[in-house]
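One chain, chain A, links the two complexes that follow: it is found with chain B in the first and with chain C in the second.
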Partner chain A sequence: MSEKQERSHKAQKVLERMGQKLNRQMVGSLVACVHCGMCTESCHYVLANPGDPTYAPAYKADRIRKLFKRHFDWTGRVFPWWVKAGSVFTDADLEELKDIVFGKCTNCRRCTMNCPMGVDLATFNRMARGLLVSVGVMPEGVAVVSKDQWETGNQMGVLKEDYVETLEWMAEELEEELGAPAADIIPIDRPDCDVVYSINPREVKYDPRSIADAAKIFHVAGESWTMPSEGWDMTNFGLFSGDDALGGSVSRRLYEKVSELRGKRLVISECGHGYRSTRCEGPNWAQYDVPFEMESSVITMLRYIKDGRIKVDKTRNAQPVTYHDSCNFARSCGMVEEPRELLNLVCTDFREMYPNRAENYCCTGGGGAMSMSEYTPQRLKSGKVKAEQLKATNTEVVITSCHNCVDGLTDVIRHYELGMEVTQLVNLVANAMVIE
Partner chain B sequence: MSDLLHFSEHGLQEGALLFMALVYTTRIIWFLRFKAGGDRQAATGAPGTTPMKGAVYSLANIALPWGMESTRRKPLLYAQFVIFHLGVVAAISLSMIIPYADWLLESTILVRCFQAIIGAAFVVGIIRIIRRVGSPYMRAISSPDDYFSLVLLTVWFLSAVLAAPNDATGGEGHLLTFFILTAFFLIYVPFSKISHYLYYPFTRYYLGKTMGYRGVYPVRRG
Partner chain C sequence: MEQKEYGGKTLEIDEDGFIQDPNLWDPAVAADLAKTEGVDDLTDDHWKVVNFLREYYLEFNMAPMIRKLCKSTGFKLKEIYELFPSGPAKGACKVAGLPKPTGCV
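Now for the complex of A and B:
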């Protein structure tokens, strides 16, 4: 296509904004690829689609890289054809790019770990997503969820009344077992607590048992804790959509609520992307220096057991279990040993999945893929790799510390008829807990 | 020695080197003008993992074939990588030794060593060309620059093997070819993907620093 061709308004904006998004790390990743192909087989999409090179990480990266080369790098400006530099002109070009950056990559960062040059595709793939989102080009689900999170402060559009009602309902369910009044079991908006607990809206909508299990653990540990009535969603669709403004706004809402309650520590329930967004990326997006500590509930539960604040009987979880490392936990936050330590304390037969830790394969639901139904068939096809991994463990229960992975894995298990159950550490800990 | 060969060994090389240095300097200035992103949050990961440890691990990655699944599972590709790059170092060294320290090449053992290393790199170059052309995955990610750079280096290796004895008694053609190719190589490199070694320290340092801060590097396996 000729460079003289007129560019659509959206395509023009994407290119202009690209210049504002580039930082040194990203530019390094954009210029350093030597097209060696070492990353090719690290991607679950490639492994599940043999013979189709369009899923290769470097191929996908080059769809973004060509824009950088054409507009920001001298070689591509002078000899575009020589280095495969190119541009976007029409809205159809943007749609095509959308199908790659949203539909063919879960930003899992596995290729990054396997690149000898240190090229971090996931980072600039996220940038490309953000550029497209800024001109309204995104999968329908991304638009819906982003809108919900902007409007209601949580990505599932849970209303405040429904949230509070769910907490009260869970507290009432526990009243008899714990012998305490509901208001003390799940305290809401209590100031000056040691712990403010934030959750994933999925827990309110589909998995309130996790809230009850966490409440039980906090109560038995004698924790001074509370749940905020607002600013409680620790998930952040900005991570997936590449929209730093949304990312910053969601994080700030959470941080400011904890500060308002004068909480000493923000505990983040089990969620890979929620933990990464709130704990690691949020302060950067929001340009906010967080004045309190933040930790994953995995670490909190582990500490309770180690400090003797809760007692557990691991024989209550006697079935063989395996553990799936969430990409965001393992490859972006270094959270790999703590979940294993906890698992070994609360169940008797933990079996590793291979590969694991920072080399684990994505559950297929990463990067917000669960919300992009138009790509479901290719996502499930890519799940073949995960399915084989799960099957080889010879277990019937897979544990993960991520709500997104719970959904991704459940889909894969159903699709490949593996007959496995997916659960989280909080459920195992609550089940193993001895209440005297 | 003819005037042409003398010029090729000295004036041409020095000019090409100067040009390369100038373009590289400009390139680094351009790169450093992009602001580096930082991490505001407290560190994550196991205690003891630090940005510096991460950066060192990341930079050392090149010598840790067991560190990445991609090199661990493909030891032959890793071996090719090592041989190819040793060949580059040897051929560059040769282009300095012939004009400035030719007495070194009076040692037949040294000449044979150069020829063995660069010859092996030439064979790897051929294997790499076959892989790049033969694999649909490699074709899909290759640009004209990728093909040209690879062919250029492979031909240059061959010329270096022939030039290594530094013997012009049978004619100067092979020496002229080596030095003209070296000069072209030096001028072309900054514009091609061969300049990746310029970025390597930066990309690996920044990735390592971030991953170290987040407790991902050094990678733990189990």
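Now for the complex of A and C:
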């Protein structure tokens, strides 16, 4: 295609901004691919669509790589035909790119684990998403959720009074069982606590049972803890949309609130991308020097049991269960052994799913895919390998430490009629806990 | 977008099975949507939940918090999940003709 072809305003902006986004890690991944094909079979989309080469990670990566080669790498200037350099010109080109970077990859990073060159596709796939978002090209769901998170501070637009009322409601439900007044069961905005607990808005909006379970555990452990009235959403659509400014704005809200309350530790409820965003990426996005510790509630619960702060009777969870490793929690943050250690303390029949740990397959809902309805049919089709994995465990319950995976797995289980239940560690721990 | 026959009408549904035009919703449509969510018969208790969701949506253009749903219908959280096994967000909202809730659900 001739370089003299005119470019749309959006296409021009995407290319200009790409130069500002490239860093050494990304360039390393963009130049390192030798097209060996090792990644192909590692991707759940490929396994469900064996006849369609456009799902291959290297193919998807090349849709972004061609821009890099053409505009930022000398090889593309000298022999563009050889290195398959190319460009984007029209808004339709951007739409096509959108359907690849949002619709054909969940940024799960399984291909990276299987790449001998260490190409991190998810990192530059996320960059490409961010470039498209910066010119307003994105799935509608991503736009809606990002807007809510920018404007209200949480991704489901939950109002402060509704959030506080829900916490009070959960505390009241526990009054009788715990023999304590509601205000002591879920303390709100209490300063100088050892633990400040942050959650996923999904918990407060649709299913606060996990909040009640966590509150019960903190209470019985005698923890000095609180939930903040604001800055409580530890999820972050900036990770999915590639918008670092959104990522920074959301994580800064949490950090500032915990600092204001002089909390010693921020505990993050079971959510893969929320953990990664808040604990690992957020300080960089927000340029914030975090003065307190941050940990997953999985670690907190494990410590309570090991230190004897809570007692558990694992025979209360006697049904066979399996565990699904979340891509962000396990593959990207290395949280693989801790959830297993906890599982073996609170249930009697834990059975591994294969492959597992960092080699586990995506739930299909990674990278914000649950919010992009337009891609649901291909997402469910890609769940074939997940369904086979689940079925082979011969269990009826799958545990996961990620809210996104709860929904992704629930969809797969329904679509493939597996009749399994999905739950989280907090529910198992609360169920096994002996209250004296 | 896909078309489906619900309650004797041809309706547009999104890829997750939510109807697109809430104005075309009626009790017969709800009954057919319920079947897709594993609820074969809509009892009075189901209707209490469905009617509240629909009225709330028509007034505020969004799905209510689970707190509001429980408070207004008098059901406990556990009972909502017994009525709609797929939960309030994807199950009950779909039956009440709401669009798919936004976010990680």
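The definition used in the following text is that the second predicted complex is superposed on the first by the 436 of 436 C-alpha atoms of A that agree within 3 Å, B and C clash if a C-alpha of one lies under 4 Å from a C-alpha of the other, contacts with A are read in each partner's own complex, and residues count from 1 in each chain.
What we mean here is this: contacts are C-beta pairs under 8 Å (C-beta built on N, C-alpha and C of every residue); 3 or more make two chains touch, one makes a residue touch a chain.
Being a predicted model, the structure only gives us computed values, none of them experimental.
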Superpose on chain A as described above, then tell me if chain B and chain C fit or clash.
fit
Vertex chain A, Cα centroids of chain B and chain C as endpoints: angle rounded to a multiple of 10 degrees is 140
Looking at the overlay, does A:116 come into contact with chain B only (first), chain C only (second), both, or neither?
first
Looking at A:209, would you say it contacts chain B, chain C, both, or neither? Reply first, second, both or neither.
second
Per-residue touch tally on chain A - higher for chain B or for chain C
B
Partner chain in contact with A:344 - chain B first, chain C second, else both or neither
neither
Return first, second, both or neither, reflecting whether A:319 touches chain B, chain C, both chains, or no partner chain.
neither
Tell me the contact category for A:357 with respect to chain B and chain C: first, second, both or neither.
first
Could you look at A:40 and tell me whether it touches chain B, chain C, both or neither (first, second, both, neither)?
first
Nearest approach of chain B to chain C by C-alpha atoms in the superposition, in Å, rounded to an integer.
25
For a test of understanding, state which residues of chain A touch chain B in their complex under the given definition.
22-29, 31-42, 46, 51, 53-54, 56, 58-59, 62, 74-75, 79, 81-84, 112-120, 279-284, 287-290, 293-294, 330-337, 340, 352, 355-359
Report the residues of chain B in contact with chain A in the complex, numbered from low to high.
30-32, 34-42, 44-46, 49, 58, 61-62, 68-71, 73-74, 77, 81, 135-146, 191-193, 196, 199-200, 202-204, 206-208, 210-211, 214-216, 219-222
For the complex, which residues does chain A have touching chain C?
141, 144-145, 148, 155-158, 162, 165-166, 169, 173, 200-202, 204-209, 235, 365, 368, 370-371, 373-377, 403-404, 407, 410, 414
Chain A partner, complex, touching residues on chain C are 14-16, 62-63, 65-68, 70-71, 77, 86-89, 100-105
